[in-house]
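Going by the order they are written in, the chains are A, B, C, D and E; count residues from 1 in each one.
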Amino acid sequence: MMNLLWLIPILPLAGFLILALHGEHLSRRLVAWVGCGSVGMSACITALVGVEFFHGLPDRASYQQTMWNWIDTSEMTVGLSWHLDALSFLMVAVITGIGFLIHLYSTEYLSDDDGYARFFAYMNLFVSAMLTLVLADNLLLLYLGWEGVGLCSYLLIGFWYHKPEYGTAAQKAFIVTRIGDTAFAVGLFIIFTQLKTLSIQQVQTLAVEAWPVGSNIAMIVAVLLLIGAVGKSAQLPLQVWLPDAMAGPTPVSALIHAATMVTAGVYLIARMHDLFALAPLVQGIVAVVGLLTLLLAASSALVQHDIKRVLAYSTMSQIGYMFLALGVGAWSAALFHFLTHSCFKALLFLAAGSVIHSLHHEQDIFRMGGLRRQLPWTFWTFLIGAAAMSGVPLITAGFYSKDWILWSVWSSPLSQQWMWVGALLGAFLTGLYSFRLIFRVFFGEVRTAAHGEPGLAMRVPLVVLAGLSLSVGFLEIPHTLGGLSLFGPYLSQVLPTMEVRPGMDDSSEAFEQIAVTCSALLGIGLAAFFFLPRVSVVDRLVGTAVGRFFVPFWQGGWGFDRLYERAFIQPWFALTRDAGEFLDRGYGVLVTGAEFCHVRLSRTQTGHIRWYAATIAVGTLMLLGLFAL
Amino acid sequence: METLFYIAAAVTLLATLRVITHVHAVHALLYLVVALIALSLIFYLLGAEFAAALEIIIYGGAIMVLFIFVVMLLGPLAVEQERTWLTPGAWVGPSILALVLLGEVGYLIVAGDLPAISIQEPRQKAVSIALFGPYIIGVELASMLLLPGLIGAYHLGRRLSSEAR
Amino acid sequence: MLSTPALLLATMLFGLGLIGLLSRRNILYMLLSLEIMLNAAALAFIAGGARWGQVDGEIMFLFILTLAAAEVSVALGIVLQLSYRFRTLDADAFSEMRG
Amino acid sequence: MPMTLWLLILIPMLAAPLSWMGQQWSRHAARWIALGALSLDFLLALVLWSQGPPGSASGHGSWLVESQTSWIPRWGISLHLGLDGLSLVLILLTAFLGIIAIIASWTDIQNRVGFFHCNVLLALGGVIGVFLAIDLILFFFFWEFMLVPIYLLIAVWGHANRRYASFKFFLFTQAGSLLLLVAMITMAFLHQQATGRPSFDYADLMGLTLTREMAWWLALAFFIAFVVKLPAPPFHTWLPDTYTEAPTGVSIILAGLLAKTGAYGLLRYTVPMFPEIMSEFAPFAMGLGAAGILYGAVLACSQTDLKRLIAYSSLSHMGFILLGAFAMTELALQGVVMQLVAHGLSTGGLFLLAGALYERFQTRDMRQMGGLWKVIPRVASMALFFACASLGLPGLANFIGEFLVLFGSYSVQPIITILASIGMVMAAIYSLGMMQRTFFGQLRETRSIPDLSNVAFGTLLLMAVLQVWLGLYPRPVLATTKPVVDALIQSASLPAQASHSVPVMPSTLFTSQANTP
Amino acid sequence: MSLQDLIVLTPILNLGIFCLVTMLAIAFRRNHARIAAFAFVACLLTLATLPWVASATPRAVTALLIVDRYALLYMGIVLCTTMMVIGLSYHYLHIQFRERDGIEEYYLLLLLATFGGLVLTVSVHFVSFFLGLELLGLSLCSLIGYVRTRRHPMEAAVKYLLLSISASAILLFGMALLYFESGSMTFRGVGMVVKQVQAVPGLWLGGVVLVFIGIALKLGLAPFHMWIPDVYQGAPAPITAYIATVSKGALVALLLRFVTDIGALELPSLVHLFSLLAVVSMVVGNVLALFQQNVKRLLAYSSIAHLGYLLVALLAGGPTAAEAVTFYVIVYCAMTLGSFGVVTAYSREAGDAEQFEDYRGLFWTRPWLAAMLALSLLSLAGIPVTAGFIGKFYAIAAGVDAGLWWLVLALIGNSVVSLYYYLRLVVTLFGDKPASATTPQGLAIESPQTSGWMAICSLGLVASIILIIGIYPEPLMELIRTSVSNLLMVAQQKP
């Protein structure tokens, strides 16, 4: 069964090829079958492989499969090879599973769109690329998937190409991530130059052997990989593309900009954890970046008007948590949060999509309200998602994952106390903005009438994801609450478990959990206080001087867009405004000079014999003077 | 001897100067003839009496006559100038220079101490021997050279037969 | 020896001829000036012959004479033709081709 | 067997007058003749490829197939052709792109069809000759020979500003190649001084021992001549004008093949002949390459003319070749070869599409386009594909080329390589900008416009498939050129030891006299 | 004059006799075709004597002439070129002289000029040099003004006459100075003086400079090039071709011999003089041609530049230089004949086809003629497959051999510049036919559809020569090598 591994990324690719080359001639029904079917089959194969992976392999170590040698020179041998281990299997499972659900959802969501086949083609390509990314055995193949998902993200953001601003958003997303990718590529160059290999496993072992902890080279490589990860995962300072990326259809946001692609950075850092462990300083930077992003994004999410933008900022914020966890060495916690986040964020996006769908593409939450009764399915699933995101204790998956992270931050030897405080503030803000959304959209008076609940194809994924959002958290229950630990040991094959700082015992853990719970609940409560009443308290707050400063500031994502506009984009346009080039003008001077000489010399050809004779005389005298005297 | 040379040289130069400054074609030609005669005197003084003779005969005679002939032929270009040709003042300059030369020649004849005579055998003989010995090809070539002169003058100088009618 | 002064004279005559060539506009005069230049060259040959006591200079003079005759005949042919056709002997009038 | 080399050159050259005459027989006769000739060439090259086990050929000095006939013994010039992996790959590319160019001209060129194809065939014959000749003068012969037909192709069938462009093209190239000629002649004389007879034979001149100063000047001439053709700044200003003004098919040939001759020259002559100088020179040349990458990219971003944009992007891609060629590591050189092929395919595709757009809208100005995806999805999707190829998307051939170059160069010149990598970001900017301005956004055209014909689409698809194939399985190209690359590296490392030893007489180093007939 | 002398002089004698016979034939009965054929046969027969004579060479005939293989080779060039010009002229004259009024002397003058050219190739003495030159010059002068009904030929004739006599005067004066200084009129005798003394006498140097200036004037080297464009433009097209080829070729033969014999290249100041002339010629010629709108003038300017290239080769000195110069002369003659030949063949009664506009789109109406012109122009530009490339190769090779780096660089720089105007003309050939077919003078163009079979044959021959030399130059190189070695061998043998 394991040898079917290669089919997992290839099937969606086949789906893409069919749809891309022949999609226009297929019926919508067939397109949907191909689009969903390929991912679905991938998911099935994942399941089959999973069965064997859990039972067949001794110690569930890893499984490798090479299709062929991609680059084959005497200096560099890079195979198109797949590497399956616990980490990649987790990713594959999430991608194919959630991917399938979102595909299913899309069949209805986009049912009356012109580019139906195109959409599924891109989506399939994306799934394929994403699977390549996570299954890659070497960094170059990983890079292939890395760029591939970037491309698909670009294509899908700009899916509705007739709106120029969507195209711009797509371009922005691609170029900003490409900056990160370039740094990543340079990192690859250094790794290869130093270690003469690109295989992930070998790189890690060799790096540990070759580079001492904290050495410059390890730091540089780690920083470069971090920049790559930051770009892809929309973390500070390359986070600006994600809010704009919401221009794409909502399923795209769910799949790419919430569940899978944006977490590629997390995956990369986790993958290369040994390398990051060699560069403690960089790991610290990872934590700080995560923390800052989570606060920035959370505060920005508070004041957005567009439902999808709120979710986009929330995504950034949640990925910030993952980075924070990675930064403090809580590898498993980060990936656990990735797992739960994939479920609840996909759920939230899909539910939001359902809202948007039924409101005829209305996305402004200030034009929504009271949808609770009109869209009960959507409401309940959205509520579950929001609860999971806010970390409503005990029943939601988000609680368990976030709690794990916060506990790790609290107890990790690598972290600082203020980090925990920041993360706690983040948890509070999460509750606040999540339920702001709930109260704005589903409570209060009806502002725009909905045209009914979505159909089955959209409802099934919502329900399944809602179920997952509630249940996956039970994979890892802290021992203060019973102590069921499945996830941590599962990943311990691949990722080191975090050591707890001495002096951290159950009591401190309990105290910490209570603090987290309180902050989350406080956020939800405050949201109820702010947004539930008809005359909003918030409006008054916004009117104050402090509010007048902070609201636009937060709305603009802390002004990064404007800063980049000034610092990079405008100079760039100034540079590229002129289509001519100065070197060409240099040659132009030569031409002008020649023309000038020609005109001048032509005037000497007067046609007068006497003038000619005079030149002869003068020439003769001069030459005589020069050479005979 | 040397004085003679310098006087002749002066005459040549003066006459030549007038050739290039004079506005009337015939006058200029007259001066040129004088210059040529003076030059032939110099040739003579340099011992090239054969050249001196040819200078007068061919240059002063044939070629200059050709020139004058053409000037006459030029018709309209010459007609307007015809009146001025007759003024006696025009003859003064050439006459004076010619007289100077005449004096020189007279002196040479009277003085009798000629440099050319000091050469044992007549100069013309040596020239002739050289001309028809080592330079025979040159002579042949020179004779060929006259052919394009002839044909060119014939073809270029002639009017079209249709125009002539 | 008179050969060196003769050479000097030849040079001066050559110069005078050149000046004439440059300063006169009438083609006829230009031809005359050229004759002077040729004559100057001939004189220089004669002077050379005198210096070395050879007859070669004189022989060269003869050939120059031949050239002058041939050349003058062609030149005058052209002059006649020009005067027929264009009614002018102004050298500067013949400057249609230029540039 | 040796005759096949001549056949490779002569088939297109002899078909050229035939296709000219073919004009009188029927409307498409010229095209079919040209197509047939090139297909024949392609097949012949394929046969050669399949016959020669790529592993056994070892680059310089010993060739897969060789043919030598005396030509001008007075100067030691012979008709010496040799085929190795590098030339084989490039000849395959030539024949392939030639076919593409003719297909691209099928609807584009409607007047003087016969003469057009005659010129195309002559030019391609010249290009193949360049790739095969290993006598320097013969090389130069073909090198110059191909200029005239290309010049005519631009000057007669080009766009509005064709005269200016064609002049610029010719003058720049000629300036470079005359320098080359002087350098070649100098080398022949140096050979004469050393051995008593002049020789222009590659092997003879390879073994020449030069004084440092002389080698420096010669190397400079060899460098400039090829860099003009490649091109790299500051000798590139002919490129945008020429590529833009040429008709589609010719643009493909120009960008896909003529630029390659420059790269080929660098690899075949400049680098191995003056290894010592070149190793000193490498930082500068690589810097020039990086400068070309960035400069081309910045200018590509500034363009509003579609073909001009592609032209500048091509300049940018050529920078990688310069970068790699002077890095002198196996990876970089492999990357260079790959980039040669990949760039031919990607730029060829883009020019084909730009031509298709021009045919439909009579403009190349992207400001007058927009939203065309809706009208001509086939063009748009193919453009998207080739734009991706151009920006170096992994999985496509360009990626292999660029990345191998960068991998190979990093170990030599890290800073320059990092600068060059920035070009990847810029490539994204201009490629996507092109897509955005042309195919996305609001639709302006309201009339209905035919999409790509099946033939054109199939052609593009074929190129795309090749891109993907080489992007995922570059082994055929890499393996074929491996011996050449190895030999190049060997020759580069050779003088390091040789410079300390006694100068060896050239004739003993290489035994090319052995195969003189 | 022994029999042996007469044998080696056969070519010259033969042609001389034919001149006289032709004159008699004209006097006897005027018939254009017959006289043309007669002149052609004269050249052909003379040409046929060359191989026969070759066995008896080298041989000095009196002090004036020396007949060696070198001279015979140049004689061959001169004669072949003359034959081509005769071929080109026939149809041209046929059109120009509708009245059949005095066409026949044209051929006689042509033969006389050629005779002069032959004399130049064998001259080693001032007398023969001067007489040969004047024979050539005077005949040419008449030929230039031959179409005396038109203004331009007459204007050109006057200019040529006056300036060519000035040149002769300068040349003669220089010779006189040399004679005065050395007491000898043979080239070698003149050169001996310098070899014997330490310091070069100023008068001698002045004489040499004057002689060179005279030659430069006749060759049209800048800054003595002024007359060239006007005369080229004004002269009837076949005569332009003749001036550009025969008169220059013969003179170059003489120049090479003169330079070799007097050992001019051993004197730095003379080398500098030549370098200066070469560079200035190249630059001035090319710059003047750049935007020229008159085809004949353009070719004239280009010929100035080409003489500059040739000087570079000449300056190199030694066997390679002589070879290169000779090769270049041959190549140059072929391509000049080709280009002016097309101008001739395309000319009409109203005047020569000399404006760019006349040639616009020629390729689409008369492809072969246009191809011929394009071939010649590309050859002039030095593009491979044409003879011009090999010529340029030789010139560069000579320069490189002698280490004249700056001159070689100037040469290639100028080649590039020159390419511009050649291409300008080539591109015109391939342009689109203008809508209104009138010349700037307002004359309606009746572009001739035929050019006479003789002209076409000649052009075809020239084209094939250009291509053959361009593709397989080895036999010609061998021929030149043996011939030239003769020149140098003689130079070394008899000091």
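Observations on the structure shown:
Criterion: a contact is a pair of C-beta atoms (placed from the backbone, for glycine too) under 8 Å apart; a residue touches a chain by one contact, two chains touch by 3 or more.
Source: prediction; values computed, not measured.
Among the remaining chains, those touching chain A as well as chain C are E.
Counting hops only between chains that touch, chain B reaches chain C in a minimum of 1. Note on connectivity: the fewest chain-to-chain touch steps from chain A to chain B number 2. Among all pairs of chains, B-C has the largest number of C-beta pairs in contact. Nearest to the global CA centroid, when each chain is reduced to the mean of its CA atoms, is chain D. Among the remaining chains, the Cα-based centre furthest from that of chain E is the centre of A.
Among the remaining chains, the Cα-based centre furthest from that of chain C is the centre of A.
Taking each chain's centre as the average of its CA atoms, chain B and chain E sit 35 Å apart. The centroid of the Cα atoms in chain A and the matching centroid in chain D are 39 Å apart.
As a whole-number value, the distance joining the C-alpha centres of chain C and chain E reads 25 Å. With centres taken as mean Cα positions, chain D sits 75 Å from chain B. Those residues of chain C in touch with two or more other chains are numbered 3, 17, 21, 30-31, 42, 47, 49, 56-57, 59, 63, 67, 70-71, 74, 77-78, 81, 91, 94-99. Shared contact sites, meaning residues of chain A that touch two or more other chains, fall at 602, 605, 607, 609, 613.
In chain D, no residue touches two or more other chains. Touching pairs of chains, sorted by label, consist of A-C, A-D, A-E, B-C, B-E, C-E, D-E. Those residues of chain B lying in contact with chain E across their complex are 134-138, 140-142, 144-145, 147-149, 151-152, 154-156, 158, 160-162. Every residue of chain C that touches chain B in the complex is listed here, in rising order: 2-3, 5-6, 9, 12-13, 16-17, 19-20, 23-24, 26, 28-29, 31-33, 35-36, 39, 42-43, 46-47, 49-50, 55-59, 61-63, 65-74, 76-81, 83-84, 87-89. Looking at the complex, you find that chain D touches chain E at residues 71-75, 112, 137, 140-145, 147-148, 151-152, 155-156, 163, 166-167, 170-171, 174-175, 178-179, 181-182, 185-186, 188-189. Residues 364, 378, 383-385, 389, 392-393, 396-397, 400-401, 408-409, 412-413, 415-416, 419-420, 423-424, 426-427, 430, 472-474, 477-478, 481 of chain E are the ones touching chain D in the complex. Against chain A, the residues of chain D that register as touching in their complex are 233-234, 236-237, 295, 298-299, 301-305, 308, 329-331, 334, 371, 373-374, 377, 381, 384, 388, 393-395, 399-400, 403-404, 406-408, 410-411, 414, 417-418, 421-422, 424-425, 428-429, 432-433, 436, 439-443, 472-475, 478-479, 482.
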